[in-house]
Structure formats: C-alpha cells, structure tokens
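You will see subunit A twice below: alongside subunit B first, and alongside subunit C after that.
== the complex of A and B ==
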C-alpha cells in the first residue's frame, strides 16, 4: 500500500516540526509522525465505497441519457446522441417541472430563512423553559417526512375537519380548500415546517458565536437594539445564512416525499425529481428519465451558485 | 483599604442610579415578558401538528376528524391495536435493520477516513473533502435508474441489505464531514505523544482518539440513523413487500376513503417515535453535530 519513502517519518522526527503538506484554507492538515501510506490506507475504503455507490451510477446515468430506451421495448435500445435532451427541452412538462422546482425550493428557502432567523433570535435570549422551547422547535426536523406529509394533508389541511381552517375560522377568516385548490401552498408549507428547525439551529449557532464584547461596545456607544442587530448581528450572520441556504436548497431541489404523498404532482407541484420518477417508473422511458437525472444535477449546481451569489449581494448591500 | 475608600462613594452614586434603573428595569421586564409570551405562542403553534397527531392517535375513530375539533375525547388505545393488527411490525424491523446496519457501516468507514483527513498527514486533503461533500450534494435522482436496473439484474430488488448498502452511500459523506470537524479538535500533542510512546495505530485510535471524540461519533451516528430511518425515495422505489420500510408503508396506509385519521395518527406516532426520542435525548450532540458539520 505504502508508496512513500520509508525515511519520511525519521526525517520528520529529526527535523522537528515537519512542513505542512499542502495546506489548504478549507482543511489544513495536522502534523503527524506516521507515513503517508497509512493515512491513505485509512482513507481508501471510504473513498472506494463512495465512488462505487454515487459516482459510477451517475456516469451510467449520463450514458443512459444518450440512449433511446424504453423498458417495454428493450429490443429497440440504441444510441441516440442528444435526442432525449432535445425531446426534454421541446416538450412542456420539463419547463413546468423546472418552474415547480424553483417555486417550491425558492419559497421554502425564503420562508425558512425568515422564520429560522426569527426563531433563532427569540430562542437566543434567556427565558423560563428555553430548553423545552428549543426541543419543541427542533421536533418537526425529526419527524419522518412521509408522516409529516400525511398528517398535514389529512389532519391539518383537510377542508372541513382540518385544524388550519378551524384556526382561520377562529380568526374570522374564510376556509380554504387547501388540498384541492392550492396544492403548491400545501407542499411549501409542509416543507417550510420541516426545514425551519434546521435553519434555526444553524442560525442559532451563528448568534451564539457572536463576540459579546462587540455587542456590549455597541450598546455602550448608544446603538439601539435594532441598530445593533442590523449593523453588527446581520453581517456576522451572513456566512451562517449562506450555509443554511446552500444546504437547504440542495436538499429541497431533490424534494420528492411530500409531492409523491400529498399531491402526486398535481396543481403545479410536479418537481424534477417527481417527473423523473414518473418517466422512469411509470412511463419506463429509461433514456428520457436519465436525461432528467442529468439535468437535475445541473440545476442543483446552478441553484447552489445563484443562491450563494444573491445572498452575498443582499447582505453586502444591506450593511452599507 | 481601597474597598473602604471607594465603598461610600459607590453607594452614594448608586442610589439615584438605582432608582432610575428600576423604572427602566420595569419597562424592560414588561417588554421581556411580552417577548417571552410571543416566543411561547410561536413555539406552540409550530409544535401543534405533532401534539395533535399524538392526541388524535388516542381518540376513537369517530372523534378523530370532527368539525369543530374534539378536544375532550374518550381517550383509548384502540388505534394502536388496529395498527399492529395491520401488521406494522415487519416494516419497523426492516427500517431498524437498514438504519442501524447502515449507520454502523458508515461509522466504520468514516472514522478512519476522517482520521486520515484531520490528524494524519495526507496529500490533497481539500480535494478528498471536496469530493466527499460533493457526493452528498448529488441528487439521488442522478443515480436511481442505474441502481434500479443493476439491482434488478442481480435479483436484489426488495432486498433490505441492498437498501442498507445504498444508505451507506447516502450518509457516508456527511459522517466523514462531521467526524473530521470533531477530530480536528483533538489536541495534536496528545496524538503525537502516543505516537512517540510507540503506540500502534490501533492503540492510538482506540485508546487515545476515539474516547475523546465519542460524543462526536454519537452525533454523526444519530444523524445517519435519522436520515436512514426517514428515507422515502429509495425505499419506495427499490422495495415492495419483503424489504418494505416504514415510510412507504405509511404512505400507502390510507386511501383517503372512510374514517382513518385516528389509526393513521397512531401509525405515524409509532413511526416517528424512535427518531424523535433519540433526537430529544441526544439534542446537544445533534445540535452541535449539525452546526459543526455545516459550518466547519
């Protein structure tokens, strides 16, 4: 396994602290006295498993996406170049799916960020029963998404006996036929409910990492709570919001569970993941579905990039 | 002596200041109380669906879906009996097998890898880390079709071990990422001391490093368990009967006809219980693990 020169360890001991081997800003390697070979041996199993389980299938997906292949007619399988992509872009279901994905992901991320920031601020200050309140807030994150979708659909959003309409009634507002009239809203609300705790946790970690000295200095200087929040806390929170948004949107782009369970893709909720599922496992169009898979990966990359850029802009402008 | 000299002046100036502070203090206390009240209001609304699910599970079916809602029901355990009469146990066992099994394998692979990436010297740490985290970001949709066809060819569809191995692939990157941030907090001197003392790799790992990062291992293991237990997409596509796990079982539990809300709530309550309890008990590790995995 080892390919390094056996003298490495010995020279290092002799020379005292060894030079950092290829330090990177993300992960500066720590000093150690053993040979590189052992480290590689420790890393390889995980690397191989990861490559076999994720990269190899993706490469095969790319290959499939260039095939004309329906499982009902396996004999007709042939290489088709970019036929599937041409078909995907020319039929309407792709664009409406892309729109559904962007609308659902975008709305959920925005709502979860706003609510997450609010919860984080509220839960950061000391009050009686704070530990219990935090436990209650993180619970939706722990709830199985399939269970969450079912409970929301039948127990919360149901038109005549659901709790949401009952609550609206208490406030004197009219009932809404959630499941039939606004399926997109139901999916977004359930996802927001499940992702807000995740955002809250990360943002809370951000709030707690603020330097108390700076906050005190600001209040001594006579800055009000709101001013302190906008000019010190928010800029400090930028990287935390960025990470939460990035991780959240990457998960949400692939969203499948509530769509499959609550709406079955009706009413503008047919996300890319659900469309792929339909084409592959209902329509048995392997080639076309594989093309959706490749496109989903590309969209993930784009959304992650755009999310980061936009946020960066909002925060830098907000602090000036 | 200094105290004596300063004390009278301090009390003298403190008195009027103190009075002013009481007025401001009262105002602040009222405002603080209002914010606390608002906090609890928001928390209760947010938590309500969970509470309502549990309450509904203990209602008789005829009181489960009513308008207006029934708050004082004739509480009963009937629905739980019905759930197990519909044979939920095998699905729970499948879920347990896939989640616990995949979590153990993930930890066995992730701890050495994270160790190599944080404490031991290795070339291209950044590349390796970037690779792992990028596989986490790759949508499952990108690989489901070949995975399905390969499992079909091998006769491994509806096989719980196959699902377990796939969960290893899903959870491995996040476990490595989290373990690495926990391991990089281990003081390097301790490891070096052990190495100079001539400790073998195994001793170094098991006697020195692992005891220090045990809470981190618990956190990473918990996150992997949660993701695997709750996973729906792969489970619904790759299993049908023998290896069916809880989430797809739950999803096909009701067809929307007749009265089913109490029994559905009972099944959901059972399904979410292991993860919710584990999450509550290990809340500190969970929060820390998530924050670290996400930020470092």
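== the complex of A and C ==
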C-alpha cells in the first residue's frame, strides 16, 4: 500500500470539479518554469515533515494492526494477519460505537443549531448590555471539556444535591438518576450546552452580514417580521448553517471527556474515540486498538471527503 | 487551491496524529553526573506519595550522592505510562509504584528486579510487612516489590443514624443483616448504604468481586474454567444490584469511591462498605462533618469468614534500571520503620502510610491519632487471605481482582454492562453470559 494513499485520495476527491482553464498565456515562458521548480523545491521540507508526521505513523499503525499483541503478554506477540480485523467486525463493538457516535454527534448538532440560531437572532437585536450578554453566552465554549463534564457531573446532575434535580423538584417533578437512567441524553445535554455558543457565533456572523438594504426593502414592501425571517434571513443563513454543522460535527465526532468522566462508556455512550481508548489503554491490546484505528481512519477519510467537499462548495458559493 | 490543500493537510495530520497510540512517553531519564546518581521515580499522585516527595530531602541528606526525581501521575496515566515503558524496555524509570494487581503479572514477565536479597537485612525486618500483602507481592518465592501502603475493606456506619433508628451493628455483620438494615434506614433524603456502581474493574468490581467470593462464587474455578454465569456469581450480583436499587444511592453509575466518600461524609448514607484507607478522610474534622461519629465493622460476609479485599501500592525497580543499587537504597528507605516515624514527626502521625507494616500499629502516637480505625484495620489486614479468599480454591492470588493481564479489560466490559442492569434496561443473565465468554477466552490462555 502506498504511504501517501490517504492524503492523495482525499485531496483528489475534495478538489471537487476539475479546475476551469485559467485566463492568461497558454504556455508559460521557460524562466517561469525554472522559478516553478525552485518554489517546488522550497516545499520539500514541509512535505517531508508532514510525511514523517502523518504517513509514517499510519504505516506503523497498519503494521501493529496485523500483530497479536497484548502489552502485558510480551511472550505471545506474533504476526496475526487479519485476525484483529476479523475480531473488530465480529464482536459488534465497532458498529454499536459507530451508532453511538452518530446518535450523540447528530443530536447535539441538531439541538445546537436550533438553539444557536435562536440565540443568534436574539443577540443580533440591539439592547442594553448586549456586549455582556454575548460574552456570557460564549463562556461554555471556552471552558475545558473535562472541566465542563466535571461541573455537570457534580453540580448539575448529582442525584441528590444537583441543581437540575433541585429545579425539577421545584416544579413538582421526580428527580432523575441522570447517568444511570438516561446516559445518552445526559451526554447530549452537556455537549449541546458546550457547543451551542460555537453555533451561535457562526450564525451571528451570518446574521450580521445580511444586507440592511434588503431588510429595509422588505419592510417597505409590507413583509412582517416572520415573513422577512423565513423568506430572506433563512435562505441567507443556509451556508452559515452548513459551515456550522460541518465544523461542529468534525469537533463532536472526537468527543471523549463527558463519556470518560460521566458515563464511562455505559448505556450506549461508548463513542468511537472512547472505544479506541479502551482497547488501547484498558485492554492493552495494541494490535486490536490499531485495527480499530485503521478502520476509523478509513471511515473518517470517506466521511471527511464528502464533508470537506461540501464545505468547500459552501465556501466557494460564499465568495461568488 | 492552496487554502484547500493546507486545510486538508491539517485534517490528515490530525487524523493520523490521533492514531499514534504508541507515541513516545516523553524523555526524563536521569543521568549520573559527577558521581551523583539521579533516580527517576514514577508514582501515583496519592497524598501518601506526595508526602514521600516532601520528605525526599531527608533521604538526600542521608545519602548525598543520590538524588531522586519524582514524576507524579494520576492512577490511570501512571498505569499506562509505566506499563508502556516497562513493556517496551524503555528504561526511563528507576523506581515505579505498582499496584498489587500488576506485581505478580509483571514479575512473571521478568520486568521487575528481585528484591529478596536487598530486603533480607535485619534492620529492614521484612517479616514486619503484613503477611497477606507480602504474599501478593511474592512470585515463585521471590519478593518483587515492597508495600508503601496497603488497605483492606470494611464497613463504615454512621453512629448517629443507627442510634436514632435504634439499630446496633454487629462486629461481624452478614450481608443479609446489612441488607435488612439498609432497607430499613433508607428514606427519600438518606441512603441506607453506599456501594460503588461506577463502571471499571477497580470501581464496581472491587466491592462486587468480594461479594461474589463471600457468596461462594468466583471468576474462575481452580482449573481456569470461567464461572461467571454460574448460580453463585449471579446470586451475588443480583443481591448487590437489588440492594443498591432498593437502599443505595440514586445514581449508581455515577458513584465510585470518591462519590461515596462524599455522600457518607456529608451524613447522607447510613453505611458504606469500602477501602480502610477511606477512614483517614472520614475522620478528618476539616473535611467530614461525620468525623468522630463513625463506627467500623468487618466487611459483611455470607459463606466465608472474611470478605475484606487487599490492595497495596508498592515500590518496585524495573529490570531495565541501570541504577539498581541506588534504587534499592531509596526503596528500602521509603518503606522502612524509620520512614514511618519520620512522617509522624515531620508531617503528623495521622499521615503515616497505613497497612504496610505491622509495627506501624504499635507506635503509640499513631495509635492515638488513628484510634477509631487503626485496631480494626490491623486485625483485618492480618486475617484476609489473598490466596484463598472464597469458598472454593482459586488458581491465582488476589481477592477483588484476578491477577491475569486480561482481567482489567474483562472487569471493565462486564461492569459497563452491569450499568444496564442497575438502570433496569437489561436483565442480569445476558450480561453474565457475555462476561462468561470474555472470561473463558482469557482463562483458556492460562491453561
């Protein structure tokens, strides 16, 4: 297998439609060619560094994935062909983790988009203390994920002293054993809290880039606030929502902290990142963990290629 | 185009970078310079270890040609870093703290230096170490690590709550008695008992394995056949789950050692079965409103006489260390009788590392400082039997764990599935059936 396969494949597909012929002279003069050679040579150091940093570890990981190797059983290390891959696909952990990742990432993105849009619309209006409100609403995104998970675990979701159950009690509702009874919802809730500000920021930028003239024109034409919002603002926001969804998904797919701190991978919250960690650091199965890693990279390349392609389309549409 | 490529480059770098599971663990090997030996010690960041770092100056004063560099890590990070270093013969560390679970496994792999000779001197008095603790650190008649501190488990109960309910705790309660009292003491604002439910082989399965063993079950029979789905294992697990659901904490998946400590110290749990080392925190008047109001009893039993577990944090010297002599000197110093006295004099008698040496419990100042729990701790530490803790004989040494490499993985996976049982989303039988399969696969490797 060629060492550069992942990146070239990704690059090729992500490039999108074939480049349009550029305007200008059809054949560059010779001097230009030589200069091109020099600038290419200047790229080599960076290229070598990135190959060493990305492709070599990947090849080593592939090598490890073909070994049967438990760190605590050094005497039993041997070449195992595709045993690890067979195990990955036969024991069912991979698919259930993939599902957990999709459910957690997907729900968080949807919730954060809806809430983010709501907050962005509210923060877009002029009112006293708007700057303060904006700063405060961004705070959750600035807190370290592990710290956020700890805050939620101890102060918010604690079954007997947590504020959420206290609030439910005030409303006359029974308290909930969050991590035991609704682990997936618990993780989604924490992530939504943390990522809504990120979505708000991007969507707010979108709202502020709206042309005031058009909004004014629509009100002159007699469109109400709701009509203006659905017919003018929302279509304008489409590409911002797309960017927010894409960037948010990329970050959320790697989620680890709330799972490790709050649910410990129980109750359908074992995401791919957590599964990988467990196989490597709890199971100490180097070979199996490497196989999970390789498969995750392949899946990520496929998804990222599609996602990045969409992302660039959004960007290029944005500059049109 | 350039922008695109560089973004892609970053993306690919991140993906591949995240995959380097066997990355370097960082440099840090000590050097010998100018006749002075520098030892690198990797340790868990428990309070007792921090005290050791605080006192290392005393050691360096006594042995001017040796200096010690401490690297403190959280338990899981330490396990990971040290395992990687020792397994790959990295040789970064001259001294490591190793848990009781790993010592026999590592010794078998030839990763640890034999300390039998070094600890044979009369002044060190190796016979003073608690015999069960020492047994767990011995493999093939050789001692591979020495305990820095050790613990068993016992039952702690809130005397105020018991007095108010008119209940008395027997000195040696049975699980049935404890369960009855716990259910009686449970109110909407107060738990009858706190028992760990948090997934993890060292969380849920520490207490649960002791319950399984006193119910007559075990992970394996004497021939390494897994017995996870048999009647005894399942009766014990069902008992544990029912007790927690009826009288325990509301959110068991969240509750490990720390959370139970918190609840019990705040007076929100009437009972708590956990590590004897918890008593130090429970009796600390600055941190615990229940200090002075706590009673202690033997860990509850059913078919066995004892059911306390046995754990120790130990000092060991990796086989790869090139400074074994200096390392032995430090290891002996830190686990000596004199060190215990030094901690008492310099830092306070309640901070003496417990559960390693019998003589600790005859120091008058320590007896006074830890009067509430020291005598019972000593009795338990002397009477637990890590070679034969259950009803049937077992093929390994260990009470709340099975000392095979795969156990932490099996324990972790089964405990995650147990969370489903706590939540009522799954029955116990399929969980144990799955555990049986995992355990059998590991057991077959032992045969």
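One rule holds for everything that comes next: the second predicted complex is superposed on the first by the 226 of 320 C-alpha atoms of A that agree within 3 Å, B and C clash if a C-alpha of one lies under 4 Å from a C-alpha of the other, contacts with A are read in each partner's own complex, and residues count from 1 in each chain.
Criterion: contacts are C-beta pairs under 8 Å (C-beta built on N, C-alpha and C of every residue); 3 or more make two chains touch, one makes a residue touch a chain.
Computed from a prediction, not measured in an experiment: that's the story for all the values here.
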item	value
Partner chain in contact with A:289 - subunit B first, subunit C second, else both or neither	both
Touched partner set for A:240, first subunit B, second subunit C, both or neither	first
Which superposed partner A:270 touches (first subunit B, second subunit C, both, neither)	second
Which of subunit B and subunit C A:158 touches, first, second, both or neither	both
Which of subunit B and subunit C A:55 touches, first, second, both or neither	both
Partner chain(s) touched by A:180 [first = subunit B, second = subunit C, both, neither]	second
Touching partner for A:64 - first (subunit B), second (subunit C), both, neither	both
Subunit A residues touched - subunit C or subunit B, whichever exceeds	B
First, second, both or neither for A:280, with subunit B first and subunit C second	both
Which of subunit B and subunit C A:300 touches, first, second, both or neither	both
Common ground on subunit A, meaning residues reached by subunit C in one complex and by subunit B in the other	50, 53-55, 57-58, 60-61, 64, 158, 160, 254, 276, 280-281, 286, 289-290, 293-294, 296-297, 300, 304
Residues of subunit B that touch subunit A when the two form their complex	32, 35-36, 38-40, 42-44, 46-50, 52-53, 56, 65-69, 109-110, 112-113, 115-126, 128-132, 135, 137-150, 165-166, 168-169, 172-173, 176, 180, 184, 188, 191-192, 195-196, 201, 226, 229-230, 232-233, 236-237, 246-248, 250-251, 253-254, 256, 260-261, 264-265, 268, 271-272, 275-276, 279-280, 283, 286-287, 290-291, 294-295
Residue numbers on subunit C that touch subunit A, as the complex places them	1, 4-5, 7-9, 11-13, 15-22, 76, 80, 83-84, 87, 105-106, 109, 189, 197-200, 249-254, 263, 268, 405-406, 408-409, 412, 416-417, 419-420, 422-423, 425, 445
Residues of subunit A touching subunit B in the complex	18, 21-22, 24, 26-34, 36, 38-40, 42-43, 45-47, 49-50, 52-58, 60-61, 64, 118-119, 122-123, 125, 127-129, 133-152, 154-156, 158, 160-161, 163, 166, 193, 196, 198, 201-202, 204-205, 239-240, 243-244, 247, 250, 253-254, 256-257, 260-261, 272-273, 276-277, 280-281, 286, 289-290, 292-294, 296-297, 300, 304
In the complex with subunit C, residue positions of subunit A that touch it	6-7, 10-11, 14-15, 19, 50, 53-55, 57-58, 60-61, 64, 70-76, 153, 157-160, 175, 177-181, 183, 254, 262-267, 270, 276, 278, 280-286, 289-290, 293-294, 296-297, 300-301, 304, 308, 312
